[in-house]
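The two complexes that follow have subunit A in common; it is paired with subunit B in the first and with subunit C in the second.
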Partner chain A sequence: MHIPDAFMPIWQGAIYWVIALVFVYISLRWAKNELNEEKLPLVAVLAAGIFALQFLKLPILMGTSGHLVGGALVAIILGSPFAAVFILTLVLIVQGIMFGDGGITTMGANIINMGVIGGFVGFYSFKGLKAATRSVPVSAFFAAWLACLLPALCAAVELWFAGTFPIEAGLLAMGIYYAIGGIIEGIVTVAAIYLIINVRPDMVDKNVLPEQTGAVA
Partner chain B sequence: MIDNKTLIACGIIIAVVIGIVAVFFGSGDPDGMESTALIVQGQKTITSAAPPDAAIHTNIENKFAYHPPMPDYSLEKRMGAQGGVLAIIGGTLLAFLIAIGLIYALKVVGKKNPPKANQ
Partner chain C sequence: MIEELFDIERYAYRDSIIHRLDARAKIIVVFAAIIAIVSVPYSPIVFTVGVIFYLFFLVLWALTRLSPVVYLKRAIVIIPLWGIVILFQIFIKNPYYTQYTTVATLPFGIHIYAESILFAFILMVKFIITISFIILLSSTTKVQDLLDGGRRLGLPAEFALALGMMVRYLFVFGYMYRKIIQTLETKAFNPFDRKLPYRYRMRQIGYTIGTMFIRSYEQGERVYTSMLCRGYGRDCHLFLKKKEIKPSEWTFLIICLCFIVVIPVMAWFRQVTWF
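What follows is the complex of A and B.
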């Protein structure tokens, strides 16, 4: 889902950068105010893990591969969409500057898609679904699925503005591929949440913990 | 529960193992965005495989070009998969260290400039 430099004019990339920087600034304030030294190991491990998981390309049939985005996972585990903006920005900077995975001028658009939209959609859809279903795995799965699909559709619209994709073909193909890829995103997100809950339940947002564990006696 | 050192060690090891698995067993197919570009350019259909010689072309005139030190997660081509493994280990550790460094830096700045108390 990483938009390369060649897919977008510089001036459009600059507009997305300006918007992205607003969210990056707020995410830095979030990190400064909300992250204490106790959560530092988990945040750093999540950054490393998201980097590696985004590199793992899994076949999703139809001659196409998919990889984890991770915005929903980070936002749900740390209890804030700005956690996703913070960590996805770090990961995208390393990917873009060191490896050319995603562009430099398009990094703002990639931060918006994967960090901002992925984080906000993942966090708030998890919250709403959890309130409705009271099931963490079901809520996390569908939140992660949506947090994979919606950023892809937004990327298709951005690339339509850029003149790279026609809108119908872009939305259709991106929608199909990332709706399938979102299933992997959902499964990995649920598995990662339960892995982290099992090893360090004290570090995760209380909304993720099963109710009997998280309830106040 | 595991302690912080074990969490960091296990987390890094799992991330590196995922990266190494990806180097050797990751799909070589284009991702969804690349596939969509190939469809738009008539080199692929939604359900067909991409041809081996498929290449994405764009007609964006005002575009930026950047040459990263390790393009496509590889060191030098002659290093092959070993270069890919080194690149992914380096990238994973870099993401980890930048996260730790940035949070420490934010905390140091926060201590030097404590927020003003509400009146």
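What follows is the complex of A and C.
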């Protein structure tokens, strides 16, 4: 889903950067308030984990690259969409500057897609679905699936604006890949939440914990 | 990925004029080069600017005293993935051209256009230049220097602290991954062994990934707690030591920036197209 440098005219990259910076600024305020000595290692390990998850990728012929995203997982575990913006920004900085994955001029667009859209869609769809179904695994699965698919479709639209790929083919290629990849993302998200709740329930946001575990915690 | 991470840090610990430069100078030059090449409109002028920038990159790379194999090995990991995506441009009409000349027609009504081939080459040149400069930066600058350089250039302290921790965790993941793989090998477990039941293999892989995550977190947490005991904390990046850029580094920076700005501007105004 990473849009590399050169795939987008510089002025469009600048516009996405400005929009992304607004969200990054708010996420920094979240970090200032929330990142205490206990939470910092969790944020860092989640960022490293998502970095590792995103490293396995395949090319999508009428789009960019196909990989897992992790925005929903972060937002659900830490209980805020801004956590996803903050962590995905960290991941994109390391990927872009150390590994040439993604770009510098297009980093704003990538932050919007994976951090902002991924985080907000993941978090609020999880909240809504959990209220409706009362099931954490079902809600987390569909939230992660949506948070994987929608950013990919947005990336396809951005590439169409950039004049790099046609809209129909882009939406189709990215949509199909991420609709299928989203299933894996959903399974990984549910598995990760299940694992963390079982091993370290103190690490997760209290809204994710089952009610009896929440009462004990 | 894990081996690449260790390799990058190993290259960054070598010694050369470029390695010794202040990280800020390198960050500014690399970002400027990327912004400059991306700013050149999608026209054949990209080839002229691209060749000059690539020669500039080669000069800088030669100064690093790193083998060209290092660059090629890293480039080969990145470029083919995007090369396939860029290759598909030859079948697509895009808004940058009004007229298209068909050079070949394939079955199922697929056409290859001359203008699309040109556009694909333009994208490829821009992409190779940007990747080359990123490889230069990361192969010659230690992660900690990059963080300190970024911090001195205005990267918020929260980002610098979390980035530092994140990179440490990546190395912890790396060590954990090696240990776990060794353990699985000593137990003769092969996840691709079809003689083993599929569910068993999946469960073992799941446990392995989960163990790696939790053990890395717990080890990292222990290290972080001991760092806190020694006075490290979330505010320590606020007190970053001041470091002046030396006159020689200013000279390098100014010459490089002038070059990076002047070449595309001259090529654009004179409409120099060598290809």
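Following the convention adopted for this analysis, the second predicted complex is superposed on the first by the 204 of 217 C-alpha atoms of A that agree within 3 Å, B and C clash if a C-alpha of one lies under 4 Å from a C-alpha of the other, contacts with A are read in each partner's own complex, and residues count from 1 in each chain.
Following the convention adopted for this analysis, contacts are C-beta pairs under 8 Å (C-beta built on N, C-alpha and C of every residue); 3 or more make two chains touch, one makes a residue touch a chain.
All values reported here derive from a predicted model rather than from experimental measurement.
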| item | value |
| --- | --- |
| Fit-or-clash call for subunit B and subunit C when the two complexes are aligned on subunit A | clash |
| First, second, both or neither for A:Pro201, with subunit B first and subunit C second | first |
| Partner chain(s) touched by A:Ala191 [first = subunit B, second = subunit C, both, neither] | second |
| First, second, both or neither for A:Ala31, with subunit B first and subunit C second | both |
| Touched partner set for A:Ala132, first subunit B, second subunit C, both or neither | neither |
| Which superposed partner A:Gln95 touches (first subunit B, second subunit C, both, neither) | first |
| Partner chain in contact with A:His67 - subunit B first, subunit C second, else both or neither | first |
| Partner chain in contact with A:Ile167 - subunit B first, subunit C second, else both or neither | neither |
| Most subunit A residues touched (candidates subunit B, subunit C) | B |
| Subunit B versus subunit C as contact partner of A:Val22, first or second or both or neither | neither |
| 23-31, 167-175 or 185-193: stretch of subunit C that collides with subunit B | 167-175 |
| Overlap of the subunit B and subunit C footprints on subunit A, listed as residue numbers | 5-7, 9-10, 13, 28, 31-32, 35, 37, 40-45, 47-49, 51-52, 55, 57-60, 62-65, 90-91, 93-94, 96-101, 103-105, 163-166, 169, 199-200 |
| Sites on subunit A touched by subunit B in the complex | 1-3, 5-11, 13, 28, 31-33, 35, 37, 40-53, 55-60, 62-67, 87, 90-91, 93-101, 103-105, 152, 155-156, 159, 162-166, 169-170, 172-174, 176-178, 181, 199-202 |
| Subunit C partner contacts - residues on subunit A that touch it in the complex | 4-7, 9-10, 13, 28, 31-32, 35-37, 40-45, 47-49, 51-52, 55, 57-65, 86, 89-91, 93-94, 96-101, 103-105, 163-166, 169, 191-192, 195, 199-200, 203 |
| Interfacial residue positions of subunit B with respect to subunit A in the complex | 1-2, 4, 7-8, 10-12, 14-16, 18-19, 21-22, 26-33, 35-37, 39-40, 44, 46-50, 56, 58-73, 87-88, 90-100, 102-104, 106-107, 109-110 |
| List of subunit C residues in touch with subunit A within their complex | 1, 4, 8, 31, 34-35, 37-39, 41-42, 74, 78, 81-82, 84-85, 88-89, 92-96, 123, 126-127, 130-131, 134-135, 137-138, 143, 146, 156, 158-159, 161-163, 165-170, 172-173, 206, 210, 213-214, 216-217, 220-221, 224, 228, 233-234 |
